[in-house]
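Here come two complexes built around chain A, the first alongside chain B, the second alongside chain C.
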Partner chain A sequence: MLESLAEFAIQGIVLGGLYALFAVGLTLIFGVLDVINVAHGEFFAIGGYLAFAAIVVLHWPGAAGVAGAAVGTFLLGLGVYPLLLAPLKRRLGARPRGPLYLVLTLGLSTFLQSSLLAAAGGDYLRVPPYAGGVLDLSFTAVSHQRLLVLVVSIVLLGGLFLFLRFHREGLAVRAVAQNPDAAQAMGINLPRVFALTLALGVGLAGAGGALMAPLFNVYPTVGFPLTIKAFAITILGGMGNLAGALVASFLISLAEAFSVMLIPSEWQNAIAFAVMIVMLLLRPSGLLGGGGRR
Partner chain B sequence: MLEVGELRSGYGRLEILQGVTLQVAPGTIVGVIGPNGAGKSTLLKTVFGYLSPFGGRITLEDQSLIGLRPDQILRLGTGFVAQAGGLFADMTVHENLLLGGYALRSSREARAAVDELYARFPLFAARRRQPAGSLSGGEQRILAVARALAVRPRLLLLDEPSAALAPRFIADVYDTIRALNGGGIAMLIVEQNVEAILAVAHRVFVLDLGRNAFDGTPAELRASDRIRRLYLGEDEG
Partner chain C sequence: MIARVRVIAVPAALVVAALLPALIPHPFVLTLATQAMVWALLAASWDLLSGYTGQVSFGHAGFFALGAYAAATATKHADLSPWLGLVFAALVAALVGGLAGFPALRLRGHYLALVTLGLAEIVRLVAQNWLELTGGPFGIHDYRTFPGLPAAPLAHRQARYVIVVAIVAASVVAMRALCERTPAGKAFRAIREDEVLAEMLGIRTTVYKLLAFVVSSAFAGLAGALYAYDVQLVSPSVASAATTSFVIGMAVFGGLGTVWGPVLGALLLFGLSEGLRFIGVVYNLIAVGLVIMIFVVFVPRGLAGGRRTA
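Then we have the complex of A and B:
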């Protein structure tokens, strides 16, 4: 019994690293831009495809392939604000805009899925593991590939938190999240910060897609279920609250892992949404409260 | 240094300013007063680029500010202090001051500017790690003014610096304003607290329903029975 608990805990923690990478990026974008990026999962898929192209097609080493995929997704993300969101914002002016941005990113999601399907076909693509072997913990074994996902996720998230805490541009991102008007009075260029934030957020998703490529197959809709789950994580943690998203990612992943002991596995995916619905009914501001703009 | 001519501005299709004209000369304090809804805050927000004017002119040392974003106007030497201070309440005092120096060329310059501010406002050096939102109302307002100084502006726009402050804090804020003006910084101050602004301003503009209703020195304003009666709420005689 104890061994099973430990095994599920390890599974949950590893999965939590991936959820955190994904949900923290989504939360960052929401907190700064006030936009729910429905296309987040497609950048996860793009990360997987870029990793496949770099490692399988171009025979790059695994680390270079993952780094290249993350950078490539980041660069693609840099274009999303100036090409899509900013023109809509200019047209709308001060009118309420949230639902329109939601529909816009939903359209982007569908467009990117179709583009991936057209460019790469619908086949499941496989990327070889970046790290072979398993870590034997006597009561259970964890593949090095899964550990790698966890370690790299922690490093990337740690880097993001350090950037936001200490770097001049990170301070600017936090300032815009709190009060965009006051941030402008500091000389902060809002369109630049919006573009950077979107790129950082989807870059993390792309890194996640590249890291998980050997574990999930790569296909156009691989990221969409993650997007939906990340909404539940974001609501659980508090909309726009990065620390909340981090905590909620591990809570959900652990809940999913342990739920297998209590309920049929078919219900596993419903756990996150059950938690989300309960949270919305009992505490709509989430575990740690909303962290977006006041 | 700042010239505003026949300025028309507002929100959406609602025209609040209907042809306002004013000037701020280098090194002077100009006060703008008037009843609620007169367009005082709209004036400052338009000058600083938050609102796009419907028409008219805004020039800073002969350069037009129309069409520029607030961050671009700041880089031309104009600081802005919002009505409630516009502090980042969850960030520390130090982070707020560092953000004040964001427009400087490098992080090193920003840190040097913050060190200068600590020397000028020692209170904040002692509280550098404290969240800005935990300071008293008066301290927050002075921190907001101090933060705007990091980029060494030649002109400061202040939106109701005394709003919602207890009288002793208002005196502190205006002491700071007077000291900064003594250092040569010009100021355009929108204010509801008429006595506070008349005590420091070199020139006063009264706005009413988005138009100029008076332009003169504080002494001239006090001498005008009509203005005192209409805008200062004083009885005749």
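Then we have the complex of A and C:
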């Protein structure tokens, strides 16, 4: 009993690393741009496809493939703000932003998903593991691939926090998140920060997609369920709250891992949605939020 | 004067156009035309809640699927008459829509969209996993359709098309009337434009938001039931986010906040998407995504050129 508990805990923690990578990017984008990126999962899928192209087609080494996929998704992400969000913002002007941004990114999601389908087909593409072998913990075994996902996730998230804390551009990102008008008055170039933030957020998703490619396979809709789950995570953690998203990622992933003891595994995916709806009813500002009405 | 002509001429032209396919003796055309009509009703129901009242739902695939499953299972397992099945489906969807409306009373914008998306996803999971009732991943089939239709295949299809057109037209007219000719419609618009101001003016925003939710989900459920009785197969993919995306694309294409704009958008986008199938089955959703992005950013009033969107 104790052994299986430990096994579920380890599974949950590894999955939590991935959720955190994904949800922190989503939360960062929301916090700075006030836009929920419905297409976030598609960038996860793009990361997977780029990793497949680099590693399987071009025979790059695994590490270079993952790095290339992350950079590639980042570069793609740089275009999203100037090409899509900025024109809508210009059109809306000073009027309330409303949920049109959601509809817009939903369109982007559909477009990217079906473009991937058209370009690569619907087959499940296999990427070989980046690390072979397993770590034997005597009571359970964890594959090195899963450990790698966890370690790289932690390193990337650590890098993001350092960037936001100490780097000049990172400070600009946080300034805009706090007060865009004041930030602009201090000479911060808002469009530049918006574009950079969006690219950073989806770049993290792309890195996650590349890292998970050997475990999940790669197909056009691989990221979409993750998007919905990340919505639940961001709501649990409090919208726009990075630390909250981090904590909530692990809470949800552990809840999912332990749930197999109580409910059939095919209902596992419903947990996140149930948590989301209950949270919105009881405490919309999230676990770490101020408790105010939104 | 011109406005008066438009009021009479546009609906008349629409009805004539809608009845034309009934005269075309081609089963394939009839099948597509019937499905297009079902989509039109779903898009109009989305518009009542999201375009007109400004409460954006990402879960209409869920209400649609609820209606479809309610109709199919009631007819298959309880031998309910399909005519009553339509009513039953609308009631089930309205009930769930009303329950989903409660969070909507507290939530705005982003949050509402996320809750409804989660709701649709739960509907999809239930449909996929409740094998005894829903038939699981392969869906539910082998239930009867409307009774008393002609037996000859072509005449049967024509009759089914006329039934669907009649129900869809009546529903759209009813929704349009609710929005344009009743105090509720004025309240819907006030909520969309400025909820706080509407509340200060004494409009009971809670009541009207809930009303919009219930009416919209009821008609989405009705569309689902029509789908179920027409296609004769309901599978979990009906509840997928792609369905919602398709419907939102239709509404944005046609013009938000007009009810009839999304009907037009649905017919055109469905036609476009089916036409693109001849080139390749994946291109239709690329087109849907493009239409959403281009119209949201550059053609906010849609083809119908309706009033300013929220």
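Some observations on this one:
The criterion applied here is as follows: the second predicted complex is superposed on the first by the 288 of 294 C-alpha atoms of A that agree within 3 Å, B and C clash if a C-alpha of one lies under 4 Å from a C-alpha of the other, contacts with A are read in each partner's own complex, and residues count from 1 in each chain.
By definition in this document, a contact is a pair of C-beta atoms (placed from the backbone, for glycine too) under 8 Å apart; a residue touches a chain by one contact, two chains touch by 3 or more.
Computed from a predicted model, the values in this text were never measured in an experiment.
Touch criterion met: A:Asn189 reaches chain B, while chain C stays clear of it.
After overlaying the two complexes on the shared chain, residue contacts for A:Ala120 are found with neither chain B nor chain C.
In the superposed model, A:Leu254 makes contact with neither chain B nor chain C.
In the superposition on chain A, contact is made by A:Ile228 with chain C only, not with chain B.
Within the superposed three-chain model, A:Leu106 lies in touch with chain C and out of touch with chain B [touch as defined at top]. When the shared chain is aligned, no partner comes close enough to touch A:Val71: not chain B, not chain C. Within the superposed three-chain arrangement, the count of touched residues of chain A is higher for C, of the candidates chain B and chain C.
Chain A uses residues 294 to touch chain B in one structure and chain C in the other. Across the complex, chain A is touched by residues 54, 56, 58, 102-103, 106-115, 117-119, 121-122, 125, 128-129, 241-242, 244-245, 248-249, 252, 280, 282-286, 288-293, 296-298, 300, 309-310 of chain C.
The touching residues of chain A, counted against chain B in their complex, run 93-94, 168, 171-172, 174-175, 178-179, 181-190, 294. Per the touch definition, chain B reaches chain A in the complex via residues 11-12, 48-50, 69-71, 74-75, 79-82, 86-91, 95, 98-100, 102-103, 107, 110, 147-148, 151.
Chain contact summary for the complex, chain A toward chain C: residues 36, 84, 87-88, 91, 96, 98-100, 102-104, 106-115, 117-118, 224, 228, 231-232, 235, 239, 264, 266-267, 269-270, 273-274, 276-277, 280-281, 284, 293-294.
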